[in-house]
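Note that the chains are named A, B and C in the order they appear, and that numbering of residues resets to 1 at the start of each chain.
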Amino acid sequence: MMHVTTDFPAAAHEALGDKSLQAALARMRQGFVSGRASAVARLPEFDAYRDAARAIRDHTLAHLDAYLEIFEANVKAAGGQVHWCRDGAEARETILRILQSRGAKTIAKGKSMVGEEIELNAYLEANGVRPVETDLGEYIIQLRRETPSHIIAPATHVSKAQVADAFRAAHTLLPADRSLAEADTLLAEARAILREEFLNADAGMTGANFLIAETGTSVIVTNEGNGDLSQTVPRTHIVLAGIEKVVPTLDDAAVLLRVLARSATGQEISSYTTFSTGPARKDDLDGPGEYHVVMLDNGRSALLGSAFHDMLRCIRCGACLNHCPVYGAVGGHAYGSVYPGPMGSVLSPALAGIAAAKHLPHASSLCGACEQVCPVRIPLPKMLRAWRDVSFDRGLVTLRSRLGLAVWTFAARRPALYRLATALTAKTLQKHRAWFRLVPGLSGWLATRDFPASSGRTFMAEWKARR
Amino acid sequence: MLAVPPKNPSVALLVTCLVDLLRPQVGFAAVTLLERAGCKVSVPESQTCCGQPAYNSGDRADARKIARQVIETFAGFDYVVAPSGSCAGMVRIHFAEFFADDPVWAAKAMHLADRTYELTQFLTDVMGVAEVSAAHPGTAIYHDSCSGLRELGIKDQPRALLNTVNGLKTNDYSGSEACCGFGGTFCVKYPEVSDRIVGQRVTELAATPGDLLLGGDLGCLINLAGKLARTDSKLRVFHVAEILAGDAGPAIGEKS
Amino acid sequence: MSDARADIFARLRPALEAAKPLAARRAAAAARVALPLRSLAPARVQNVDLVETFRTRAHEVGATTARVTTMAELGGAVADYLRERNLPQTAKASPELADWNLSWPATLAVAHGGTVGDDPVGIAAARAGIAETGTLMLASGAKSPTKLNFLPETHIVVLCAGRIVGTYEQAWDYLRKNLEGPLLPRTVNWITGPSRTADIEQTLLVGVHGPKRIHIVIVDEEPAAP
């Protein structure tokens, strides 16, 4: 099972007070939201492609086992191998076994959220293999020994100065007095360091944005080209992917690619979209000699046909994070899961268990911005509510909320009592507003916001008097 | 929806718990607007709340019981109108979810859903109201509330009506479509996060010229007004119905 | 590991079986793979000059382009580009270009082959260009190394104008039609502009791991058959 830390309220409190993080979030809110909006404006057919993308994902999920069979057969036909893993532990062991049997000591990694989900790096390190993250953002958080705070921009919470600190601490062979004040200096240093890593890595690993059944192909999209070097230079290419990533054809992938980058960064397409089919051919001038696809379930199959089925459509673009007011206020780490924001608050309880992730479905104002921008139209608010239902049924709600709700419901179901109670409240609100500081929940509001006075009478009482 | 609305339809006002408790004048403004449009307005006395606190807290069983109560309370009218996109959306969009296993109640829920509207949507889209008889000087910034905007598609209706208020201009701000951080029980559960979100809206509002801040949902408005009151903002906050009905008294948070 | 495979498929089947039996699922999937569903082409590539649309889009993402009429002009165009930017006149070219009977100016030292990372300039040939986003399609093969597309700081790509198609799907059609065997090449690269990142404070920086600049020379004619 995926690991989730449980204390959203405390983590959110800390995040709200972190000035550097808040500056980073302000940049992120601005950049991604306006980027998507202009990309969408430039493609009048965007919504039609969203519908098509959704239909492709729905069709694939309805025939998931059949497409997985076809994908597997075509990987094998191209000379690759497929490894099926029920959970994170099996996937970690499988990857380690592949590496150990080839004597691999270092592995160059392209960005993989599934790799984060199964905490692969810690496992490899503990077993004598050195993983090197090569996506600049992933490299930064690897040096800082952090988890990603965003599914497509893992180091979005890190400031330039913090990157410089991390580089100074890690790149000890470089002159200590070098200037790292500018972003392009940092970039040049990362390029030089990681170039050596690519050239010397024993194996390479990538995730997969899509798997194509028709051809047995894995697809990655990157802007840096790091995934390409990770999978082209070393002798062995390992792909780690969730079983839901399969799509039927190259044509279907084309439709999904049209909505992916536009939703994610606001680009029309990422700089590099790479389709890998099997290992290098006999006469090829370069490319890996081996191609392994590690197919991970880890709780995904249980979502099929459940109230959370639609979550399997997700293509991990991050638009729901970028447009979420809660994510925008607290950032990714507060969620305690490698999948933060609205998609994470639906997925994390599924992969880690609702008891561990009980806060996450409540960490939303249900404003609906996530569903509005989702390229595959996942009804995220509906599924957040569905988790709240599960959470309530299992008694995972605090006693305070449960009691408050019970009192309110008791009154709401008895109109005469409700009239009495509201009339009394209206009076109190007029004359004794200070009392409301004592009400749990309202005290938090009143600390930073006024609460309006009441006229002393409810509408219902006033209406009765007037008519 | 009725194919052709009757000339003088009977309309039940779904007052909403926040209007009932905190700002009765919004209810009276709604009645005024409906009556001016030719509606015969009733206020069913046994109404309490639409059930959202239970629904959004995962308490399906109680939400369903309250939904039945609402369905019964509001049966027999041509239309049900709420001065709130959130409560109207609850009835229009979500009630049907409760009765997937109960065809009789599902039909009743659908019947009610089809004739339930948010106020400005009802006035423009159903009653064909094209202008209002009201005057108010200045520029009004409009805040779209999430449920009205995203569940019911309310965007142009309030602006179209406001643009006919004599002397009034409307304006949007960069946060018009963004959540204010209220979110019903959300602001009680996570007051700090809620406050940070409303703080962002208030910062955006400070960069926008305007005299009034208007919206269609009282929850959002008391949140925004409550935060604005802790700044040096001169914006006066009203529910859109108050301005459209031409009886704007003290703004939200001002002494009466 | 076969039991893991069996377990996963057993977990998937009950939910799927409720809607459609296995045989029907397999038949539907096989039919779709045999005849891919084709979506609508965006209006931006309909009834337009595809070459010019391609160039416009490529420029928007930071690529530069030049257009020449004949293969004979190609070498000069490459040399001009490098000279104008004060870049080394030393390039490694994809071996397939050796078959094209190109003449490189004497000032430009061109060797053919793969790269291990010490070539400042790489020259490759695109299989196709995709006008909708100014995207190049390159593919690995016995005469087209993939590393050449990523390791040199400057990437120059030769694109025959007749290979510019409108959409991604049309690019797949073109590639499928020109496949030598049943398999896709090991690597198909869609390249749209130079390597970039915004991972440091959302500031756009160009040239992370891949090329810092990409220059596309569009040639109006096809190479002579070897």
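Note that in this section a residue touches a chain if its C-beta (ideal position, glycine included) is under 8 Å from a C-beta of that chain, and two chains touch if they have at least 3 such contacts.
Keep in mind that this is a model prediction, so the values were computed, not measured.
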Chain centroid nearest the full-protein CA centroid: A
Farthest chain relative to chain B (centres taken as mean CA coordinates): C
Interface with the most contact pairs, given as the two chains involved: A-C
Mean-CA-position distance for chain C and chain B (Å): 53
Geometric centre distance via CA averages, chain B-chain A, whole Å: 33
Inter-chain centre distance, chain A versus chain C - centres from mean C-alpha coordinates, in Å: 29
Chain A partner contacts - residues on chain B that touch it in the complex: 15, 17, 19-28, 43, 45-49, 51, 53-60, 62, 65-66, 69, 146-147, 150-151, 178-179, 181-200, 222-223, 225-227, 229-230, 252-253, 255-256
Chain C residues touching chain A - in the complex, by the definition given at the top: 1, 4-5, 7-9, 11-16, 18-20, 22, 25-26, 28-30, 32-33, 36-40, 42-44, 57, 61, 95, 113-114, 116-117, 132-133, 135, 140-147, 149-151, 167-169, 172, 182-203, 205, 207-211
Contact set on chain A toward chain B in their complex: 9, 12-13, 16, 325-326, 328-330, 362-369, 371-372, 385, 387-393, 397, 401, 405, 408-409, 411-413, 415, 418, 422, 425-426, 429, 441-442, 444-445, 447-455, 457-460, 462-464
List of chain A residues in touch with chain C within their complex: 24, 27-28, 31, 43-45, 48-49, 52, 56, 59, 62-70, 77-78, 83-86, 90, 94, 134-137, 140, 153-156, 158-160, 163, 183-184, 186-187, 190-191, 194-195, 198-199, 213-215, 217, 223-226, 228-229, 232-233, 243, 248-252, 254-255, 257-258, 265, 267-281, 283-287, 295, 297, 301-302, 304-306, 309
